[in-house]
Amino acid sequence: MIALTPDPIDISSAYKYLQTDGAGAIDFFFGVVRDNTPGTDGQRRDVEKLEYEAYGPMAIKEMQKIADEAHRRWPILGYVIIHRTGTLRIGEMAVLIGVATPHRAEAFEATRYIIDTIKQTVPIWKKELFTDGEVWVNATP
Amino acid sequence: MNPVSVLLFGIARDLVGQSAITCSLPKQARVSDLLAHLHEQHPALAGIKSLLVARNGEYAGADARISPTDEIALIPPVSGG
Amino acid sequence: MIALTPDPIDISSAYKYLQTDGAGAIDFFFGVVRDNTPGTDGQRRDVEKLEYEAYGPMAIKEMQKIADEAHRRWPILGYVIIHRTGTLRIGEMAVLIGVATPHRAEAFEATRYIIDTIKQTVPIWKKELFTDGEVWVNATP
Amino acid sequence: MNPVSVLLFGIARDLVGQSAITCSLPKQARVSDLLAHLHEQHPALAGIKSLLVARNGEYAGADARISPTDEIALIPPVSGG
């Protein structure tokens, strides 16, 4: 299952979706809005909220490619990739990756592959909003 | 010349001030021509670390051709997750 | 939080327990009862249910040692280790490991360290029950 | 001689048929003495891949001393998770 959603992500339904009788291991990764970020000067800067924006149809396509590649590499019984869009407050979940496999090593590896690759290729953008300004993450030299 | 509509996201949209623009490009134009045109028309785009182009929802290389019916989007550095 | 419990493990409360403003990444590992296991002849054998037994006080102590060591190795903001005991049916969750950290690499690494080490040192035993017999896992030569 | 109570778990309990047994060990006995005694009294334990001993909830080496007030447990190969 792959989704972009403006609504809060529900962990329990993602877990239920992944339960299959052959699964011995399920790994979940949650990306959560942290209350601080290193500023350009390396100093900690307090984050107020984040805004996530996606090029929806292409983002779905790119996430599907990542899931397909993960399927080729590991014996995946089920996966869930859900990315939130819109304004997120501190502590809210921005992304949930879930992978069910027969054994644990492959669940960890596939989950990590999926989140690492999402951060590299999927057209989703994050703006950090501070009390005194805002920054599109990773966008400027 | 062909009119080509270009979707803008994230910092690209903020710098240009619009979420879509229309460019006039020569027939048979390539992605590299589009980027050159956009940088000329919107010098502020130079403030972005890197810009890729998507054609019909797929990343397109500098040599890819652009036709007026393509959906074109500018892709600034992604930062999802 | 470290617990042994005869009751079903609740994901949502584990997640809530881990949410802190400094956390950017949370990794969850779930060990789930699989419907099959490789038999001694390497052939797939259908599992009916599992029974987990623990030497409770020592199991808690050993899990605490693992959590403490993980804390020394990674910048952990919070962790949850819950192991089920008693009879478990196919698809039920036997163990939940959850780790919250500022960044994702350390969440994956710490979670994997914890589950890998639990399997090596914590006095918990698993019996596989088949339609035609039973086996204490890993107990005989 | 000292009476020492030993907790049994998993396959060890199944093979011996009891969840706790009392052994009579010499004063100053070590873990290795306990294991030798148990293997003699309960030859079925030889069917287990390996047996460790816990003393007061901590793994104890072969040379560790056992006193009557210690909580002693036999630890067959663990298989949690």
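The first chain written gets the first letter, and so on, giving A, B, C and D; residue counts start at 1 in each chain.
Following the convention adopted for this analysis, a contact is a pair of C-beta atoms (placed from the backbone, for glycine too) under 8 Å apart; a residue touches a chain by one contact, two chains touch by 3 or more.
Being a predicted model, the structure only gives us computed values, none of them experimental.
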{"item": "Intersection of contact partners for chain A and chain C", "value": "none"}
{"item": "Chain B and chain D, separation of their C-alpha mean positions in angstrom", "value": "73"}
{"item": "Interchain centroid distance [CA atoms averaged], chain B/chain C, Å", "value": "49"}
{"item": "Euclidean distance of C-alpha centroids - chain C vs chain D, Å", "value": "26"}
{"item": "Multi-partner residues of chain D (at least 2 other chains)", "value": "none"}
{"item": "Overlap residues in chain C, where contacts from two or more other chains coincide", "value": "31, 104, 115"}
{"item": "Arrangement of touching chains [line / ring / star / complete / other]", "value": "line"}
{"item": "Inter-chain touch pairs (all)", "value": "A-B, A-C, C-D"}
{"item": "Residues on chain C engaged by chain A in the complex (per definition of touch)", "value": "11-12, 15, 19-36, 90-91, 100, 102, 104, 107-108, 111-112, 115"}
{"item": "Touching residues on chain C, where the partner in the complex is chain D", "value": "31, 52-55, 57-59, 61, 83, 94-95, 115, 118-127, 136-141"}
{"item": "Residues on chain B engaged by chain A in the complex (per definition of touch)", "value": "7, 9-11, 14, 47-49, 54, 57-59, 73, 75-81"}
